[in-house]
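The same chain A turns up in both complexes below, where it pairs with chain B and then with chain C.
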Partner chain A sequence: MKPERIISFPHLGDYYIPIKFLLNKLTKLKVIESPPITKKTIELGSKYSPDFVCVPFKYNLGNFIETLENGANVLIQAGGGCRYGYYSEVQEKILKDLGYHFEFYTLVNSNRITPRSFYQTLKKIDPKISTFKMIYYSFLTILMIRYMDNIDDFIRKNIGFETKKNSFLDLKKEMLDSYTKCKGYLSLTKRYFYYKKRFKQLEINKPKDCLKVGIIGELYTSMEPFSSYFLEKELASMNIEIKRFTNVSYLLYQKSLQRRKNLRYIEKYCKYTIGADGMDNIYRAKYLIDQGYDGIIHIKPFGCTPEIGAIPIIRKVCQDGKMPIIYFSFDSQTSETGIKTRLEAFYDMLQIRKG
Partner chain B sequence: MNKITIGIPKALLYYKYKDLWISFFENLGCEIIISPNTNKQILEDGIKFSMDESCLAMKIYMGHVYYLIDKCDYILVPRLKCIKKHEKLCTNFSALYDLIHNVFDKNLIHYNLDVDKKEDELYAFTTMGLSLGFSYRKIISAYKEAKEKEKLLNERRISKQKSLIASSNKIKILLAGHPYNLYDEYIGKQIERILEKSNIDIIYSDNYDQKYLETEVKQIAPHNYWTYNKEIIASIVHYQDVVDGIILVTSFPCGPDSLSNEMILRSVKIPITNLVMDEADANTGLLTRVESFIDILEERRKQK
Partner chain C sequence: MNAYLGVDIGSISTKGVIIDDSNHILASSYIWTQGNPMKAVKTLMHNLEKQIDKKKIHIIGVGTTGSARKLIGTMLNANVIKNEITAHAVGTLSLYPNVKTIFEIGGQDSKIILIEDGIVVDYAMNTLCAAGTGAFLSSQASRLGVDVEDFGKIALTSKNPTKIAARCTVFAESDLVHKVQMGYQKEDIIAGLCKSVVSNYLNNVGKGKKIKAPIIFQGGVSKNIGVKKAFEEEVGCEVIVDENGHLMGALGVALLAKKSPIKTNFQFSIADDNFETKGIECHKCSNHCEIICVSRNKQLIDAWGNRCSNGDLMNR
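Up next is the complex of A and B:
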């Protein structure tokens, strides 16, 4: 008899919840998520990774190794984007060379995520999936991701000013638990509005002229809190309102819709797109300046090529707009204290500027 | 009317398209200034004007642009997004135009290639020629002539290398990497000089007939989508039976290479070494590594 097929995937912030939800609804396979990211994950990942590959590769590889140790034997990698699209082949090769036995599926093998390629890959994983079910639950998951992102935006704005400690995070946990139990569009939407109301009722103590900071930069470090050493948490503890653009719903559909509009907004600086999120980040820098934010934090993994191409332009945009900006480059061995010190200095500077 | 002078930085894609670009502008009757080989001054200028995390080839490019800045009317800075359908290039090439434009604020020529959006080479050359004020007919005939010349020179190089492989009995090493790394004074030439001193025949990965590219790439990396990396992989597959060893030349920290080199290193069966070059001046470490690699190859020869 064939061993039981257990499916697993790498981490990306809280998005393991909708992905797990989707896979549970669609396939008959057992779904386990990778163990939460720890120092050990990144150590394992960097041990077997190429030298100067970007950090997300190392995190993903660490996730895969840990989940394979836990018994998974079907792995999924997303793909698409700059270097990210080629992760899967190299990771598969590295893991096979390490002696693991597993099936490996990439959602996007060529450049773009298309519904068709998504469909074909899911069919390969489990040929018994019905097409109707797939469409129904895929859109439900996208909706769930969108609701999650909306709430996250609200949390980021207000979490720095909560009066009762951890009230936001506790409620968020409760909300995510409840999302996984939903059955259809109506019950999901009901839950969303219920929790939205409850979030608004949470007590906050927010001054009118609080510091507002925008986070721009590469997508993985933006969305996976561990890889940016909980930068957002740190900012929240300094009583700062945070605005972050990158989330999965942005990548899934907003990005391609906004491309032309964004490019026109920054035509003074940019004639073409830069690849991955490069052009988007230049747009965001300009947008944050025009909206009167107090500072910008740019984060990326070490050696992220699209961002390196964009940074000189972002620098010029910020010079023209007289906007303070700080750049963080994360690697597997970045020291947490160093980041904290720089962040505190940046915070002091912003406060002095504000007067 | 004064002749238009066009500056071409001798870095990055210059090594790939030099025949095409130079003969195109010559056919149009423009004057061309090409920056000199990379020297210490150019490298230092380049480092000054670029991010410390960008790759060595990119830093060198910035230095070359800076050298040309007050010596010509226009600088040719290509913007290449995609040169084959459904394939990609390193994002540095698509950022290059806007990057240079923002850092130096100089007249650049619009040269934009994006095959996925139906902007092919002919289109790029036409818009470039039109922006300089030439007529359609002149541009198209100049382009066609230049293209033929490029093809001819390329074939000549390939056949020269073929005859070298067939005739010589010395140890042969395949120098594999992007052309802008292989032929740059500060990257590939350093290795080349050491190899020449040791009396070794050098085979270059870019002198390669792309007839069977797809099937050859499939042997190592079926899903690779970087056009230039595919060419390197294919040439390694093509030449691995006729050479004694392979040296992979990479500039630190090249994005696409970091992944595609891993695939190559894990799949190739003959001796292979990966030399990662950065802006550090001392080349003693390089010398040691190349010499020990040559020793290995010589021992292997003796044992056969």
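Up next is the complex of A and C:
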């Protein structure tokens, strides 16, 4: 008898919940999520990765190793328009060399994800998936992600001002648990509106002229809090309202819809896309200036080429708009103290500027 | 009379000042940290204590800055614990209200602070690379067999500074060894080193920043007159080095302690208490956070380093 097939995937913030939901609904395979990212994950990942690869690769590889150790034997990886596009091949090779046995599937083959390629890959994983079910649950999952991102936007705006400690995160956890139990569109939407109302009822103490900071930059460090040393949490503890653009909804459909509009908005600075989210971040910098934000934090993994290309342009945009901006590069070796010191100084600077 | 204490604990040196209500420096001290910030602060307290009249002066605010600010802040029960960038800006602005640019090169890091109308508008800090910091200069000084204090004077005697690769400490060092073996004069090499510190600083920390006069240069390396001269040649205007330049961080944080609405009761006898730190590894999850526990007279007063509430030793 063939051993049971167990499917798993790397972490990205809270998105393991919708991914797990989708896989559970579609396939007959047992789904397990990778163990939560800890220092051990990144140690394992760095140990077997090329030293100069960008840090998300190391986190993903660490996730894969830990989940393989837990018994997974079918792995999924996405891909993207930068070095991310090579992750799957290289990681598969590294893991095979380490002596693990598994099947490996890549969702995004050529630069972007299309419904067709997604369908074909899923069919390869489990040929018994029905087309109807796939369409039904894929859109349901996309909707769930959309709802999660909407709530996250609300949380980022307000969490720095909560009067009861952890009230936002506790409610979020409850909401995510409830999402996994939903059966269809109606039950999901009902849950969303129920929790949206409850989030609005949470008590906050938010001054009108609070500091507002936008986070822009590379997608993985934006979305996986561990990889940015919990930057957003740190900002919230300083009573700052946070705006972040990158989330999975954005990457899935908003990005391509907005491309032309965004390019027109920044035509003075940039005339074509520069790979991954580079152009988007230039747009965001300008947008944040025009919206009257107090500061911008640009984050990226060390050596992230699209962002390195975008930084000089962003710098020019910020000089023209007199916008304070700091840049952080994250790697597995980054000193946490250095980040904290600069972040504190950034906060002081914004505070004094605001008067 | 009320007074405020500011302590700046860097990797190499520890600085302390006591100021009064009108921002005059009543006492100051500058000593080496020697890898033991707690001991250094105790010595510092004894030095400061001797300079003031304890019956008349009451210290009601304590501020700490520098890389050991948290540890020493806990030890001294400080009401303000501030990062060194803000502290330096505040300190410098109190003496030079119209300064536009602050260069700071310390033992382990270097920073640049840009100021417009008395407000910090931009800054950068170099924490990755040791080239162009005090530690680099002093290790090269010992390689050349010169006291680092004499470095500046020797550099000024050079008429033809040697070019030294400035990109990175390792390259600079091998380039320096090479130049020595080629037979270059020692003073030319030393002047070249000072130049390389400056070009490294301007290319790394000062990259993309608009440097405007008046410029103040501070930190341990500012005492090196050779580096000061190299800076002036490079930026093309006068670079001011204040005689109290090394105290700016401590002064700044003392001023911040003065401004703070929270007051603290500080006694010099704290220097005689028995402080201990202990690093323990938390095994409650696979993060294995290293938690630092600070105890005073065998009693735990603070602990930090945990990422989650599992390692929260204080609330248990």
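Here, the second predicted complex is superposed on the first by the 355 of 355 C-alpha atoms of A that agree within 3 Å, B and C clash if a C-alpha of one lies under 4 Å from a C-alpha of the other, contacts with A are read in each partner's own complex, and residues count from 1 in each chain.
The criterion applied here is as follows: contacts are C-beta pairs under 8 Å (C-beta built on N, C-alpha and C of every residue); 3 or more make two chains touch, one makes a residue touch a chain.
These numbers were taken from a predicted model, which means no experiment stands behind them.
> Scan A:A72 for contacts with chain B and chain C and give back first, second, both or neither.
Once the two structures are laid over each other on A, A:A72 reaches no partner at all.
> By residue count, which of the two partners contacts chain A more extensively, chain B or chain C?
For chain A, the partner with the higher number of touched residues is B.
> Looking at the overlay, what does A:T341 touch: chain B (first), chain C (second), both, or neither?
In the superposition, A:T341 touches chain C alone.
> For A:Y87 in the superposed arrangement: first (chain B), second (chain C), both or neither?
Touch partner of A:Y87: chain B, not chain C.
> With both complexes superposed on chain A, which partner does A:A310 reach: first (chain B), second (chain C), both or neither?
First partner only, chain B.
> Using the superposition described at the top, list the residues of chain A that contact chain B and also contact chain C.
312.
> Once bound in the complex, which stretches of chain A touch chain B?
By the definition above, chain A touches chain B via 50-54, 57, 82-83, 85-90, 93-94, 97, 106, 109-111, 269-276, 278, 302-306, 308-313, 316, 329.
> Which bits of chain C are touching chain A when the two form their complex?
Answer in residue numbers: 67, 82-86, 119-123, 125, 127, 208, 285-289, 307.
> Can you list the chain B residues touching chain A in their complex?
50-51, 53-55, 79, 81, 86, 88, 90-92, 94-99, 101-103, 110, 112, 116, 221-226, 252-256, 258-263, 266, 276
> Quick one: which bits of chain A touch chain C in the complex? Just the residue numbers, please.
Interface residues on the chain A side: 35, 38-41, 230, 312, 315, 322, 324, 335, 337-338, 340-342, 344-345, 348-349, 352-353.
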